[in-house]
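Have a look at the structure below before the remarks.
Chain nomenclature is as follows: A, B, C and D, assigned in order of appearance, with residue numbering initiated at 1 for each chain independently.
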Amino acid sequence: MGFLALSFLGAVLDKKQVGLVACSAVGLAFLVAFWALTDLMNLEPAERIGHVEVLYPWITSGKFHLDLSVLIDPLSVFMLMIITGVGFVIHVYSIGYMNDDPEYSRFMSYMNLFIFSMSVLVMAADFFFLIVGWALVGLASYLLIGFYSEKRSAVLAARKAFVMNVIGDVGMVVAAYVIFQNFGSLNYVDVFAKAPEMYLPNSDAILLITFLLLVGAFAKSAQIPLHTWLPDAMEGPTPVSALIHAATMVTAGVYLIARCSVLYELAPYTMYLIATVGGITAIFAATIGLVQNDIKRVIAYSTMSQLGYMFLAVGIGMFGLGMFHLMTHAFFKALLFLSAGSVIHGMSGEQDIRKMGGLMAIMPLTFISFLIGSLSLIGFPLTSGYFSKEAIIISAWHAPMGNIFFWGLAVVTAGLTGFYSFRIFFFAFMGKQKDPNAHPHESPVVMTLPLMILAFLSLIAGGLGHDVLEFLSPVFGGHVPPHHEDGLLEGITLTLGAVGVIAALGLYLTDEERVKFVKDMLLPVHEILYRKYYIDELYDFFLVQPTKAIGKFLEEKAERQGIDFVVDQVAEKVKETSEGLSQWQSGKVRVYALNMVGGAVMILMFLVFY
Amino acid sequence: MAPLSHYLVLSGILFTIGVMGVLVRRNAIVVFMSIEIMLNAVNISLIAFDRYLGQHDGQIFSFMVMAVAAAEVSVGLAIVIAMFRNKPTINLDEFNLMKW
Amino acid sequence: MELLIFYPIAALAVVLALFVVFNKSPIGSAVSLIGLMLCLAGVFIGLSAHFVAILQVIIYAGAIMVLFMFVIMLLNLKDDDNVIWKSREGNTLLTVLTGFLVLGILYKIISITLSADSSKPAKIMESFGTTAEVGKSLFTTYVLPFEVASILLLVAMVGALVLAKTKID
Amino acid sequence: MIPAPIVDLVSLSPVIVLSLFAMGVLILDLFIGKDKTVLVFLSLLGLFLAAVSSLAKGTGPIYSFSNSYVVDTFSIFLTFVFAISSALAIMLSVSYNKEQGIKIGEYYSIILFCTVGMIVLASSADLIMIFLGIEIVSISLYILAGIRRTEKRSNEAALKYFLLGAFASGFLLYGMALVYGATGTTHLKDIASVLASSEFKTSPILLMGVVLLVVGFGFKVASVPFHMWAPDVYQGSATPVTAFMSVGPKAAVFAAFFRIFVEGIPNISDYWDTILCIVAVITMFVGNLGAIIQDNMKRLLAYSSISHAGYILVALIAKNSLGMSSLLFYMLAYAFMSFGAFAIIIILDKQNGDNLEVKDYAGLGFKHPVIAVCMSIFLLSLGGLPPFAGFVGKFYIFSAAVKEGYITLVVLGVLNSAISFYYYLRVIVYMYMKEPEGDYQVQPSLAPFSLLVIGIAVFGTIELGIFPGPVISWTMN
């Protein structure tokens, strides 16, 4: 299996000029991952964990030693499958999407770098390489978000993402340090083996470690209060949005918590914090998503919201479910992003949904895939989102650590999800074309093919649910999470989701021009809709308008003026200090000598008073 | 025989005067002479210690200081001359092409 | 008795050092410095370091200071009034700072060195500090520094030539 | 009758070999024409032989010349570092000197003499020897800094360096004199045993001496607040000289610093380690913060080298064997990455010798991708990113400090590494993400020797980052 990782690294690092090479590198990586998967499948479940392949003993100093090694277990292989699989599809897609860009090869090499970093992150066998991967991912995303370097907003967004990530990195580094202090090792295997023996639940050390790791996880996964970089990161090219903000990077936080599940199970307080923050982020992001007009920003907020679900899931101890949702989300969110990208590509760069419309006929393939993505996102029965999200929502109530508060957050978010996702859907694809100057066209096959693949996966992946949970269970202590059946709760969720969709439709219907079109389209539904019209208005007045206002308020006050302000101020102060320091460097010998003497006197004085 | 501290105080005073010279003067050559005062001040300390310890190490040290002083003077004055060719001044405050 | 010799010489040395620093004319500074060197030679004799005292006169006062004078003459330096507090730009802050630092150092040095008084001078032989004695230790214990110093002087010589030659190829 | 001195020429062989070659270069220079290439080869041969001959005595600490000279792993390893860095500097100078019209054959012999001084410095166990070593190195550097005689900046750099350097030598010397007076000996071994004896009482004179030593050494290694000469001198000197002085001499002075403080006066470390901690921290901060606003690449690297002096001080403060080996490793790693970065600055230099500003690097990533990748490797390694040498070096230094319990120091060090990425990445961002302004085109002058240097540096930076094992086990000896 040593070959596995080596061939893998070599392949992905290859930065040839041609997209083909880049794709095949990722494709190869995917095959390797797949091979590892089959290898693992052949083993007994209990034997599947903890295969550490030491490639090279790297640093040895005292009791500390560090090896270049990879960890092969169900969790890492599972993540690797998603990363390389979705990554491959996105690579193929970007061949089409970035075709006209003069810096095509640079883009491809960044993408490869990103996949490589992400693989390092998930395959790391100790906290050290986890952090290396963590930082590399941050770097790669910085490069990718700022790819359009002539766009000032892109550069700013990249910088913001970088700063946020660095905050997370600091948390991680300190966490690693505390771990090393307490356990004398950074190896997962050692740490996780020792942790339950050495510490009682909720002991200070464990709480500190889990909290510090959480800082890293929150920063990467855009959870409150470290979330502001994610929507801005939409300045990058769309495949980047799909790759980073759907399938891979943002899920690193969830992966981290799942990976350290042993530690987190010892820290119920932290778990509670995770679930709370996850739930709040879910609803917070969903409300903001309601008022956005940029197609990609809406999807970005929806990503945040879905990440909130995942955190909620792992926070209530349903690690397997969190990972399962991570997978389905990777499929359908990548699908949504890529479809959105296809729309943007077709509209020659237009991202405002108010200027779109009537694309259904022109871009049928995109339309279908977007529809599937949206349905999956809202958890329409039998799509993949249904299985994972429904399970989370029900667990939020029924799981040992769940309660009605979490459930409430989750279920309200489900309703909002229905609303905002179908709002953009209706705006973009229904009705008439609004902008007479635009000449939308269907995207080339190299772009639609990935859409098809992802759409297919989004539809069927739900069925894999049980297998996934079982496959991952050895990592999480050997038990498959119990499946809760509760028809009532499920019904409530679905109803709320439907209400959301209908509300979106209602909003859309208020637009006079479209009424006729929709009437023709959805004649059977129309009657029901019509009768519910006043309810919808009430709903709109009491629910939608206030939430909209709150969303706007949150965005403006909390994000723009609060968090961003602080970040900017810090950067500014550092620069000022630097300038102040250099003023002293006046070029005069006398000043330099004076400085030396001053230093000498200060040291003397220090010794006298010390 | 004067006590050791007398010599050390003399050495300290001369050293400080040398430091002061470096700090207040702008004439490169005078600054340089001030540095020579500092080196000489150190020699007093070395030799006074030697006398009180009854050994010769400090005297050897002070030879080396003289050798070093000679070497520094020759190089330093060469630098001053080379510089003077390009810019006929030895006012140190006028040498601030590079700063910040 | 020795104190009677030491105090005048030391006082003269301090005065000459101040002359070096505050003299307007570089030549004046250099002459004062030569005087200082001679005073120090006297101090060395008081410390029974006869050989060093001779070297002080020959090397410092003789060779090094002649080089200084030579360069000052060569560059034809005029008197300058650039002692810091006479400058046109009011570098008051710098002056005050400098003054404080210098006084601070002086205070520290004196207070520290005064504490060294407890030790008694070692009993020394008649031959202490003579050329023979110093030479013995120079060529046995310290033969390596002696040799290394030759490299130092060679480098300095080459360097001075390289830097000061009027024309190179 | 004077007893014959006990002379151990074998211990001294690197010094002797190199001195002979330096004089050989000096003499040969008289007989050859304007093409100085043969001197280059002679110098490289001398460095190689010196490095090889340093192995003659084996690794155990062997004292000779009345305990004033010592051959041990520390000095042997550093001899290799010096030989490598001087060789790189000489190779870098070849094309640079041709372009700048520096036709001075003595240049090479002064570099060799300077290397002799560095070896002496790293092998000395005696205050007098250390002082002489420092002076040989410093005087050679004053000359090298002023070697572009017709260039005003070069004159200014030499003058500033000289005056401040001599000033600092005064402090250093006074410190040594006071330490000698307080302990009665100049041999580090004896100083250590005097301080270790039970009847010894710490006197103010000794402490004053230690403070002055900190000042003197602090100046020579460019640590804050004695650092101010560094940016100016680095900028004004010829670039190969800058590269040279930022590596070898600094390593040599650190070696002496280490010997005096860790081998000579560790018993009074209560007094000096807090001072050095503070100096190390402000050195890191001032170096890194100062670099942030620099536009000139050489000044930027000058500040970065100040901050690296801060990191190395951390190794010194650790005072343990791990600290020593991490210091050695870091020196070697720093030699590769620093020379690499300066080599690239040199090959991108404008014809008139002006140094490139950071903004001139815009677009380099597309026009000259190989050069840009190399530069990125060096900068990232300087910042301390795995898997490059700089990371392993920093890691070792910090783990040595952690072992001794200097947690705060390490946290601040790591924080500084993070700050340093800001300006290293800024250059990389310019190379890869900005379009060049105006129509100025960067014209790399690809002389074979310079390319060789870059190749060696890239190899060293990556090799030490990925397979540090052998080198580390050597330093651990």
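By definition in this document, a contact is a pair of C-beta atoms (placed from the backbone, for glycine too) under 8 Å apart; a residue touches a chain by one contact, two chains touch by 3 or more.
The structure presented is a predicted model; accordingly, all values stated were derived computationally and were not measured.
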| item | value |
| --- | --- |
| Chain ID, smallest distance between chain and overall C-alpha centroids | D |
| Pair of chains ranked first by number of touching C-beta pairs | B-C |
| Distance between the centres, which are taken as Cα means, of chain C and chain B, whole angstrom | 6 |
| CA centroid of chain A to CA centroid of chain B, Å | 66 |
| Separation of chain C from chain D, taking each centre as the mean of its C-alpha atoms, in whole Å | 30 |
| Where chain B and chain D are represented by their mean Cα positions, the distance between them in whole Å | 25 |
| Chain B, residues touching no fewer than two other chains | 8, 15, 18-19, 22-24, 26, 31-32, 48, 53, 57, 60, 64, 68, 71-72, 75, 79-80, 82, 92-93, 95-99 |
| Shared-contact residues (touching 2 or more other chains) in chain A | 582, 585, 587, 589-591, 593-594, 597-598, 600, 604 |
| Residues of chain C whose C-beta touches two or more other chains | 84, 98, 101-102, 105, 108-109, 113, 115-116, 141-142, 145, 149, 152, 155-156, 159, 161-163 |
| Touch list for chain C against partner chain D, complex | 108-109, 111-113, 115-116, 135-136, 139-145, 148-149, 151-152, 154-156, 158-159, 161-163, 168-169 |
| Chain D-touching residues of chain B, taken from the complex the two chains share | 8, 15, 18-19, 22, 28, 31-32, 35, 38-39, 41-42, 45-46, 48-49, 53, 55, 57-58, 60-61, 64-65, 68, 71-72, 75-76, 79-80, 82-83, 85-87, 92, 95-99 |
| Residues of chain D that touch chain A when the two form their complex | 159-160, 163-164, 167-168, 171, 207-208, 211-212, 214-215, 218-219, 224-226, 228-229, 231-232, 271, 274-275, 278-279, 286, 289-290, 292-294, 322, 365-366, 385-386, 392, 395-396, 399-400, 403, 414, 418-419, 422, 429, 432-435, 466-469, 472 |
| Contact footprint of chain B on chain A as seen in their complex | 582-583, 585-590, 593-594, 597 |
| Interfacial residue positions of chain D with respect to chain B in the complex | 127-128, 131-132, 135, 139, 142-143, 146, 149-153, 155-160, 162-163, 166-167, 169-170, 173-174, 176-178, 180-181, 184-186, 205, 231-232, 235-236, 299 |
